[in-house]
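First chain written, first letter: the chains are A, B and C, and each begins at residue 1.
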Amino acid sequence: METSISVQPTPADAGVRKKVLIASILFMGLGHIVYLRQYLKGVFFAAVEAVFIAFLPKIIKALINLQTLGEPKPHLPVRLRDNSIFMLIDGVVVVAIVAVLIAIYIISVRDALNEFSQSRSRRVGIRESINKAFPVLGLAPSIGLIAFFVIVPLVFSACVAFTNYSSPSHIPPNNTVDWVGLDNFRALFGGSKIWTQALGRVAAWTLIWGALATVTCYFGGMLMAVVLRESKIRIAPIFRTIFILPYAIPSVISMLVWQNLLNATFGTVNRTLRAIGIISTNIPWIGDPTWAKFTAVMINLWAGFPYFMLLITGSMSAISQDIFEAAEIDGASKWQVCRKIVLPIVIYQTAPLIIMSFTHNVNNFGAIFFLTGGNPVVSDTTTTNAAGTDILVTWIYKLTVNLNQYHYASVLAVMIFLVLAPIAIFNLRRTRSFREGEL
Amino acid sequence: MRRSILAAILGLLLVFSLTSYALAKDVVLTVWESTGGPDEFIKQAGEAFTKLYPNIKINYVNVELGDSTTQIAWDGPAGVGPDLFAAPHDKLGELVVGGHVMPTADPEQVGAAVLESCRNALTYDGVMYGYPVSAETYALFYNKTLISEDQVPKTWEELKAFCKKFNAENPGKYGFLMDVGNGYYTIIFTTSQGNRLFGPTGTDTTNTNINSPDSVEGMKFFQSLREILDVPAADLTTSICDSVFQSGGAAMYITGLWNVANFENAGLKFGVAPLPSLPGNDTPPASFSGTRAMFVSAYSDHIEEAELFAKFLVSEEMQKLRFDITGTLPAILLEVESPYTEGFLKQLEYAFPMPSIPQMSAYWSAMNAASANIWDGADVQAELDAANAAILQ
Amino acid sequence: MRARARINLATIIVLVFLTIVALAVLYPVVYIVSAAFTPGSSIALDLVPFGSGFTLEHFRFLFKNTNYPIWFANTLIIAISTSICTVVLASLSAYVFSRFRFTLKRTMMMALLILQIFPSFIGMVAIYVILLRIGGLNTLWGLVLVYVAGNIPYNTWLVKSYLDTIPRSLDEAAIIDGASHFRVYWQIVMPVARPILTFLAIASFTGPWMDFIFPKLVLRSADKQTLALGLFSFVTDKKNQFTTFAAGALLVAVPFIIFFVISQKLLIESLGASAVKE
């Protein structure tokens, strides 16, 4: 790693330093060009700012549009009217671009000061420049992609929660969309008793589902991993191959098939069970709200345990043999080895993944939607569109697609985020890997 | 006679347009339609059209009927939209309010050439939009090996009586099947005594009439049908019902023309009859009729050429072609050979077009849920009141 | 020399248990396979799979009457591109996070994980407009950009955890010898990180195959359709051609399954590497 040799600044140095600082702030790269003779970097930074200034009118226009979200212009044909949502998106993108510019600006100023204190204006070659800029260059593409394809959509989506973007009277381009502040939040959380109740019900089930899905898949996978590893059966690899199948088959297909198999009256599961004589009346696997929840967890287990089985098997293989030998010398039984050595190590290693799995399951649209469609229908479904096994994401999807109530859907998304993010952050900070190290 | 006059008028118009556009430059029209038949139709119609207008080519893109309305809202303004797209008429309100479609060119002439139900279905606020390419409704399918033609009930009470006997004599089979959690079908029980969704013209945005006394009566009768079809609503999905009827597990089933080809391919011997009438009524109940129409996109760069192609699709030749390929009812008065169309045409006489006001999109999720709950025994009035509120909110 | 198999009660119990689980796992698989080969359009309601007969008509239909080969090719291109780009970008940013110190590092790492939580369908409209502005709509590369961007946060974190366990001495030796950072990354550290990179390549390859939502958003013309779009058109708009859908999906699943089986060992090593090493 780089060690910085700092030269004690003399009073004369301090004066030049101030000049470098001011120059860099005035115009990006100015400090590099004038004082540090680092022309490559200087020109690069200056070019960035120049491009930005060239686009300044457009940028300002986009920011203004962001604030007003366009005016209705009924006299124009539809193609030429103000499209509020495009304006909103363009506005957020422009904000992101401005943020990136500010970041580069800060980097350029700090870089100038850094260069100044380190090398006192010696000429630096291209290769060395690029090498020193490696961290920035390495991160740049990733940050760029994330900024525009993950952060901008997220911010946009959060913004929609504060607008009235919905059917029937606020769909562009024929109509404009307007900022409405906290109205949507008030409507969803205070306005109607039925909606608030539905929200409570769906939110509770979402959290329970997330926990159950994660726990069952993790420990189910662990069970299979341990059994397959410890047993002496020679055809264990064949079983392992079979168990991978649910992971290999596209889950959409398997969910749709399960949905048909589990149909209470016509599905083969019940018909087989009745034919064998295990049950006499049909079990409403996906017809009854409580059964449906149970079924969803079970089918998710079917689909999800292979991933953890493979993960834990690999994790166990990576444990060095020395530990096992030492334990054997000490006279531990296989069961003790397993419980006191293998399991703690495996859990420590995979703990962060469990948290990630929880957040993934809470947002696991496919696992619910393709199996039950959120159904069965319950009493408030008629009003709120939220059915018996709907989790928050599937409900959001229905509100978006069926009812075009984009603003409410966004409010729900924001709420999910506000609830889950602290939980995730809190748990992540508690994992030993975070506390101990350099995360 | 009337047909040939209309055909002549259309023909003259085509010739007139031909000469006007003889010197036009090359144009490619993008057309959105579903797969499974309509795509073949568009491609073949496109080829026939290019023979008449060598400078206009048709480019088919697969956007399903159910998706086109939401997709045009984005692709149109973005400039990557189609020139012509297929949409069901009940989305007309949404399309017009969103500003996505152009009114029909020459509405009197096109309107006169097509079926009245189609013409009405495509009229919004007094203006006609789009060009109908097929009409559809649903009717009572019956399995000829399980029930003979003269046994087919004309009233629901007769149906109930038949089923009681049938179910007792044929355990494991069903006298009657229906997709009970689907507002597309259950609407018929609300139409007793002329009660109609959103009023007689389907445009009353203040009242759905779903919870009117006639409607409640009808839905209570619907609830009583549970006696002869004792299966929970969650289990009677469309695909399951299709499969059961197709494999000969039911004597009667309410479904539409799209299934004719499937049932024929499965070797089923079946017939089509109008729906039985509700208690207290003499005529078949009003089922939803649907018109599938081609709409000219308001964002198109080639509006005139698109209108030309759209009118071409409504012509007698093309309608015949469409029927040959897809088997769906033409939108114009055309003699088609099929043993099943008689039953559908009769039902079509009593059908009323799905309302196309924007509130219609809220109807589906509300009524689906209400129907399922009612079938499973919920209080009819309460459910229908809730549905009414949800739709109007 | 054959080892003596010791048959005792415990082994029998385990065997029975494994068999029951295997049957439960295979149950729907058998029906999926039978659906692909059953004549007619809806799934047979038979208790016994393959009870209604056996036919190859759906496969013939897929290859003759639809653009299945084009869908397959497009999806393959997208999957390979996504995989390569994800591996390169994620490993690059993971290396930077692992080996360099700078301000806001911890915050950025935390953010990478938290960003995943926001469930948003409406956000897709933003992606649509951005792609529109850069000319990426209806292109395969536009779709790849979207997938890669979605893959980076979690996988950067994953690879970084693994890289943290590779001793710095390796880097330092190379730097003393005069190597640039890029060379250290590319020629020293990456080869050692091969297990996790393999896992990453596999995981990001499998993602795009059956994804429906993003291709629907981005792709338009017939020559750009993917498998998911093409196959799903068989079960929408009142069509119930589930058997054709099953046949198409099976054709996708079969190479997957073979691939998984062959690379099982590789996969286990890779997955073991993905957990944080002590």
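What we mean here is this: contacts are C-beta pairs under 8 Å (C-beta built on N, C-alpha and C of every residue); 3 or more make two chains touch, one makes a residue touch a chain.
Note that the structure is a prediction, hence the values are computed from the model and not measured.
Asks: With contacts defined as at the top, give the pair, A-C or B-C, that has more of them.
Replies: Result: the pair with more contacts is A-C.
Asks: Return the chain whose centre of C-alpha atoms lies at maximal distance from the corresponding centre of chain C.
Replies: B
Asks: Counting only Cα atoms for the centres, state how far chain B is from chain C in Å.
Replies: Centres of chain B and chain C (C-alpha means) sit 40 Å apart.
Asks: Report, in whole Å, the distance between the mean C-alpha point of chain A and the mean C-alpha point of chain C.
Replies: Centre-to-centre distance between chain A and chain C: 17 Å.
Asks: In chain C, which residues are in touch with two or more of the other chains?
Replies: Correct list: 43, 45, 125, 129, 242.
Asks: Indicate the residues of chain B shared as contacts by at least two other chains.
Replies: In chain B, 239-240, 243-244 touch at least two other chains.
Asks: Please output the residue numbers of chain A that touch at least 2 other chains, ranges allowed.
Replies: 86, 260, 266, 401
Asks: For chain C, which residues count as touching chain A in their complex?
Replies: Where chain C meets chain A, its residues are 5-6, 11, 14-15, 17-18, 21-22, 24-29, 31-32, 35, 43, 45-47, 89-90, 92-93, 95-96, 99-102, 106, 109-110, 112-127, 129-130, 133, 145-146, 148-150, 152-154, 156, 161, 164, 172, 180-182, 185, 209-210, 212, 228, 235, 242, 245-246, 249, 252-253, 256-257, 260-261, 264, 267-278.
Asks: Looking at the complex, which residues from chain B come into contact with chain C?
Replies: Contact set of chain B toward chain C: 34-36, 60-62, 64-67, 74-75, 78-80, 238-240, 242-244, 246-247, 249, 256, 258, 262, 265-266.
Asks: For the complex, give me every residue of chain B touching chain A.
Replies: Going through chain B, the ones touching chain A are 70, 73, 76-77, 93-94, 97-100, 181, 231-237, 239-240, 243-244, 298-299, 358-359, 361-362, 364-366, 368-370, 372-373, 378, 383, 386-387, 389-390.
Asks: Under the stated contact criterion, what part of chain C meets chain B in this complex?
Replies: So the residues of chain C in touch with chain B come to 40-45, 66, 125, 128-129, 132, 137-138, 216, 220-222, 225, 229, 233-234, 236-242.
Asks: In their shared complex, at which residues does chain A touch chain B?
Replies: Against chain B, chain A makes touches at 77-79, 81, 83, 86, 167-169, 171-175, 260, 263-266, 284, 286-287, 375-377, 379, 381-385, 387, 398, 401-404.
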